Amino acid sequence: MPNQPMRRPLSRRDFLRRTAMAGIAMPSLGAILAACGSGAQDTEGGGATASTGEQNPFGTGGIGGAPYPLARLDAPVTWNILDDNPPIASDLAPETNTTLKIFNWNYYLSKSLMRQFGEQYGVTVELTTFDDMVDGIAKVTSGQVDFDLFFGVQIYTIGRLIAGGFLQPINQDYIPNLAANVWDQLQSPFYDQESRYSMPYGIWDTGIMWRNDQVTADIVGLANPYDVFWTDAPVDKTHLINNSRDLLSLGMFRQGQTEVNTDDPAVIDAAKQQIAEVVAATNASFDHIDYADVPRGRAYLHQSWSGNVGSAFYFLPEGDTAPNISYYWPGSTEGIPGNVDNDTVTILKSAKNPVLAHKFIDFILDTQNATTNYTTYTGYQQPMKGITPESLVGSAVVPEHLSTTVVSEEDFAKGYRLLELAPDVEALWESAYQEILAGV
Amino acid sequence: MSRRSGRARTKRSWLVSDAAPGVGRSRPRRSAQTRGAWFPRWFWPSFATPATLFLLVFFVFAFYVTLAVTFGGIDPILQTPDPQWNPARWDTGALAYTISNITHTDGIYHAAFLRTIAYVVTATFLCLVIGYPFAYFLARHAGRWRGLFLALFLAPFWISYMLRMTAWIGLLDDDGLVNRALQGLGLTNAPIGFLDGRPSTLIFGLVYGYVPFMVLPLFAVLDRIPASSLEASRDLGASPRATFRRITLPASRQGIVAGLIICGLPMFGDYFTQQLLADTNGTRMVGNFIVESLQIPIFVARGAALILVLLALLVVPIVYYLYSTSRASRERLA
Amino acid sequence: MSQLRSALSNPWGRTRFLWVIGIGYVVWTMIPIVYAIVFSFNETRSISSFTGFSLRWWLSDPDDSLLQDPAIRHAIVQTLKLASLTTLLAVPLGVAFALGLDRWRGRSAAGTNFVMMFSFITPELILAVSLFLLFINAFDVIGLGTTAQLLGLTVLALAYPVVIVRARLISLGRDLEEAAVDLGCSPVQSLVRVTLPLLLPAILASGAIVFAIALDDFVTVQQLSSDAPTATVSMYIYGTARGAPTPAANAVGTLMLTASTLIIVLAYLFYRRSVRRQGTKAAPTVQLPA
C-alpha cells in the first residue's frame, strides 16, 4: 500500500531499476546501507581526491559516504542525465494561460519582477514560501506538490534532491544568459558541473550584523571578530541562525577550524560547546529574521547572511540609509576564516510548466533584472558579470557604511563553503543542533 | 399493523420508549396504510455508520500509521521515514531513544517535558482562578446583562486566535503600549523585554488563549444550580461563604474537572504560543520538538514517538474525563 | 471597606467584586481585539507604534495590502472554503451519528461513542501529526492539500454536532416521536417530520460552532497544507507574525472578525426565532458534556 510508485519519491524498485539501466551490477541494498553506515568514514570531507571507486548511478566524481556522490571543491560532481528524466526538448513554445508556481524563501524574489514576467508571457505567477531549507526540502520530497521552480536550494542539499529524482535537468538552450552574464567560476560549478540541474542564484557571506548604537564593541577591529558573541553579546538581544550548519560552523570558525564539513564528532562537539556557551550567557534566539528584527530593535547582535542586511531596507521607510546598522564579514580580517556561499534555482521534475520555468530562469539571469531583484527587494547579490561591487555602493540597499555587505569575486574565492554531508554525518550535526536547542 | 400502545412492547419495536404503557388511544389512524412496526435492528445504528467509518479511517487508522512510522525504518537516499506495517517487524529504536531522552536528566527532551508540565499546570490553575469567578458572575449575577456578557465572552471563539496573539506581540513589544504605559506611570525606567523569552509571558499567553475553555463548562454547571437551593441554604442560616463551600462548590465540582481537562489538555500540544511570544530555548515545549522533528526527515520517527509518549501521558486524564462525562450524563437521565 | 464588607455579606451580593471581575475579564479579552483593529489602519509598517490613520494596508499598498496581495485573497478564499465544506461534511455525519447512537444500545454503541469522544478530547497537535503521517505515508493518493485539510478539520469538529444534538435529543425525549407513530407515521416519517424539525436549532447551533472551529483552525490546516493556495488566514497571520509583521495581517483579521460577527448575530437571531416558534423549553445556551 505505501509504495505507490506514482507519488512516492524513490521506491526501492525505482532505485534498483535505475542502477540496472546504468548497466552496473549494484550491490544489494543491504550492502549499500552497510556502506552508508559506520564503515564509510574513510573519506575526510574536502580532502579526498578519488571517488568511491565503483561507479555511482547518479553521477561521477565527488566523494563517497552516501548513495550519491558528495561534491567537494577538489572532487567536483557531474550529475548523470538519466533516461527516465530527460531534459525537455529545445525550441518549445512556452505554456500559456497557466500558473507558474514558484517555491522560494520569504522575501527572496522580487514581487514586481514576478508580475512583470507574468505580464510578458500572459500567465499568473504564484509564489509559495518556506521558512527554512528543511521545510522546503520536506515539502518537495513529500512528492505532494507540483511547483515548477524551486529557488534558494543550498548546495549542501542539492545532491539528495537530484538523486531522489526531484529535479529535472535543465536545457541550457533556453538560458543563454548563463553563459553571457554569470560569473565564469559559477557557470560550471564543482557541485553541478555543466550546470545540468541547477543555475546559480544568490551569493552571500555569513557574518555579523549589529546595531551600532547599542553594541559599542569595535567588531571590525577585533583580532577575531567572532569573539564578540562570546565577550560582548547583549543579553536577550543576541540572535543566531537557526540551522545546524551555519550555527555549528560559527563555533568552528571561531576556533580557527576551517573544516566545516567535518565528520569528526569531537570537532562537532567542541563547536556545540562553544555555541552552548553563547546561548547560556545571552539567552539567544534562533532565527534568520534579522532583516526585520535588527532595524526595529528586537535584536542588537545577529549572526547574519549578508543579503539579509539588504533585505532590511524593504522594511525601512524610503530614503532611510539605516545608519545605526552595521555589518562585517569576519573573513575579511586577516587570518580569520569565514563562510561564503551561493545557492541555486532548480526546476522540479513535477513541473507542469517546464518551458516557462526555463524562461523564468533566463529572465532572472538577465543583468538588469538581477540588479532590480537585488537592489529593490532581496538584498542578495546575484553573481553577474555586469554587477560590480563598485557599481553597487551608493544604491538604495548598499549605502556607504554597508559596503561591507558586497561580496566580491575575491571574497568568494577566499571563503569556505558548506557542502553536502553523508547522511550519518548529517545526523551527527543535527543531533548536536538539537542538543543546543534543548539546552543540554 | 396495529400499534396501540396498550400492546406489550416487542423487542423489535425500537420506537417504544420505556415510558409507562397502557395509554389508550382511541383516535383512528390517519392513513389507511401504516408501515410495519418492525424494523431491523440495524436500522438506527446504521445512521451512526458513516461517522464511525470516517473516524475509523481518519482517526484510528491514522494512529496506526503513527505507530508504523515510529517503529519503522528510513529510506536510504532521502532519509525519509519508511513505515513498517507489520507489527512483527517493528523496530523500537526511535521509541527507545525518545523515552531515554525524556527520562534521563541530560536527555534532549527531559527539560522540555518538565517545563511543559509546569507551564500547563500553572496556566490551567490560573485559568481556574480567573475563570471560576467570571463563570459565577455570568451565571448568577449578570442579570439582564447576561446576554451581552455572554456574547462578549463568546466573541473570542470566532475571532482569529492568531490575530489576538499578534496584537499581544504589538502590545508587549519594547515600544508597545504596555511598556509605554509602565514608563508613563513611572513604574519602570527602561522597557521590559516581555517578548525576550520569559516563561511568564508564555504562561500569560496560554492563559489568555485557553481561559474561555475553562469558563464554558463552569458556566454550564453553575447555571444549573437552582436558585432554590441557595435560598434554602440562606434561610437555614448559612453564611455566604458556607453556602459557597457546601452548595455551590460541590455542585460545580464536575464542571471544575471538565474545565481543567478541556482547558488544560490542549495546552500540551501548544507550540505556536511559544513561537510567537517567547521564542527562545529556555521556554521550548514538547509541541515545539514535535513539529520540528517532523521537518527533519531522519527525526520524523522520533517526532512520531513523542506523539505516542504524549498520548500515553494524557490517556489517563482523557479516559477519566470520558468516564466521568458518561457517568454524569447517565445520572442526569435517571 | 465596610461598604465592601456589607456588600459581601449579602449572599446575593458580592456583586461589586463580581462585577469588577466580569467587566475586567471582558475588557482584558477585548483589548487585543480593539488594538488589532485600530492598528490595521496604521500608516506605517509598525504594529507597536501608531503614527497615523491610513487605508494603506486595506487598499493602496501595491504589494502587501488586502486588496492587492494575492496571497491574502487566496487565504481568505481558502479559509471560507474549508469552513463551509467542513460544516457541510461534519454536521450531517454528526447528526446522523447522534441519532443512531441515541437509539442504539449495547457495547458497540458505547465503544463507538468512546472513540468519538476520544477524538474530541485529544489535543489537536496529536490529531494533526497523525493525519500528516497518514496522508504522506498511507493515503498519498490524496496527499496533502485542501482535501486533506477538509478531512482533518472534519475529524476535529465531528464531535461537536454529536454532543450538541445528543443533548438535545435526550432533553426532547421520545414522546413526540411516539405520538407521531401512534398517529400513523412510519418511523422514518416520524423522524423527518417530527424529530428533525425539533432538532433544527441544535443542528444550526452545531453548524455555527463547526464553522467557527474550522474558520480559525491553525494546527491542523498548517500540518496538512501543501502550497500557497492552501494557506488559510490563520496561517497567513502566523507567518507574518513570526517573520515581519505588517498591519495587513490585522486588516485581514478585522475583516474576518466583522464577517463572523455578522454571521453569528444573524444565526443567533434565527435560532431565537425558530426556538420561540417551536415553543419548547429550549435552553438559550448550549448544553455541554460536563
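Just so it is clear, A, B and C label the chains in written order, and each chain counts residues from 1 on its own.
The definition used in the following text is that a residue touches a chain if its C-beta (ideal position, glycine included) is under 8 Å from a C-beta of that chain, and two chains touch if they have at least 3 such contacts.
Remember, predicted model here, so these are calculated numbers, not experimental data.
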Seminar exercise, completed: By Cα centroid distance, the chain farthest from subunit C is A
Seminar exercise, completed: Two candidates, A-C and A-B; the one with more touching C-beta pairs is A-B
Seminar exercise, completed: Chain-centre distance (mean CA atoms) for subunit B and subunit C, in whole Å, is 14
For this session: Return the distance between the CA-based centres of subunit A and subunit B, expressed in whole Å.
Result: 42
Problem set entry | Junction residues of subunit B - those touching two or more other chains | 83, 173-175, 294
Exercise. Of all residues in subunit A, which are in touch with two or more distinct other chains?
Worked result: 1-2
For this session: Two or more other chains in contact with one residue: find those residues in subunit C.
Result: 137-138, 242, 245
Exercise. Inside the complex, what are the residues of subunit B that reach subunit A?
Worked result: 75-80, 82-83, 85, 106-112, 173-175, 193, 195-197, 279-282, 284, 289, 292, 294-299
Exercise. If you look only at subunit B, which of its residues touch subunit C in the complex?
Worked result: 3-5, 14-17, 19, 25, 27, 29-31, 34-35, 37, 39, 43-52, 54-56, 58-63, 65-66, 68-69, 81, 83, 130, 133-134, 136-138, 141-142, 149-150, 152-171, 173-177, 208, 216-217, 219-221, 223, 230, 234, 239-240, 243, 254-255, 258-259, 261-262, 265-266, 268-272, 275-276, 287, 290-291, 294, 300, 303-304, 307, 310-311, 314, 318, 321-322, 325-326, 328-329, 332-333
Seminar exercise, completed: subunit C residues touching subunit B in their complex are 8-11, 13-15, 17-19, 21-22, 25-26, 28-33, 35-36, 39, 47-49, 93-94, 96-97, 99-104, 108-110, 112-119, 121-127, 129-134, 137-138, 151-152, 154-155, 158, 162, 170, 173-175, 177-178, 181-184, 186-190, 212, 215-216, 218-219, 223, 233-234, 237-238, 240-242, 245, 249-250, 253-254, 256-257, 260-261, 264, 285-290
Problem set entry | Residues of subunit A defined as touching subunit B within the complex | 1-2, 9-10, 15, 29, 32-33, 36, 67-68, 132, 134-135, 137-138, 141, 160, 163-164, 236-237, 279, 283-287, 297-298, 423, 426-427, 430, 434-440
Seminar exercise, completed: The subunit C residues in contact with subunit A across the complex are 44-46, 63, 70-71, 135-138, 140-141, 143-145, 226-229, 239, 242-245
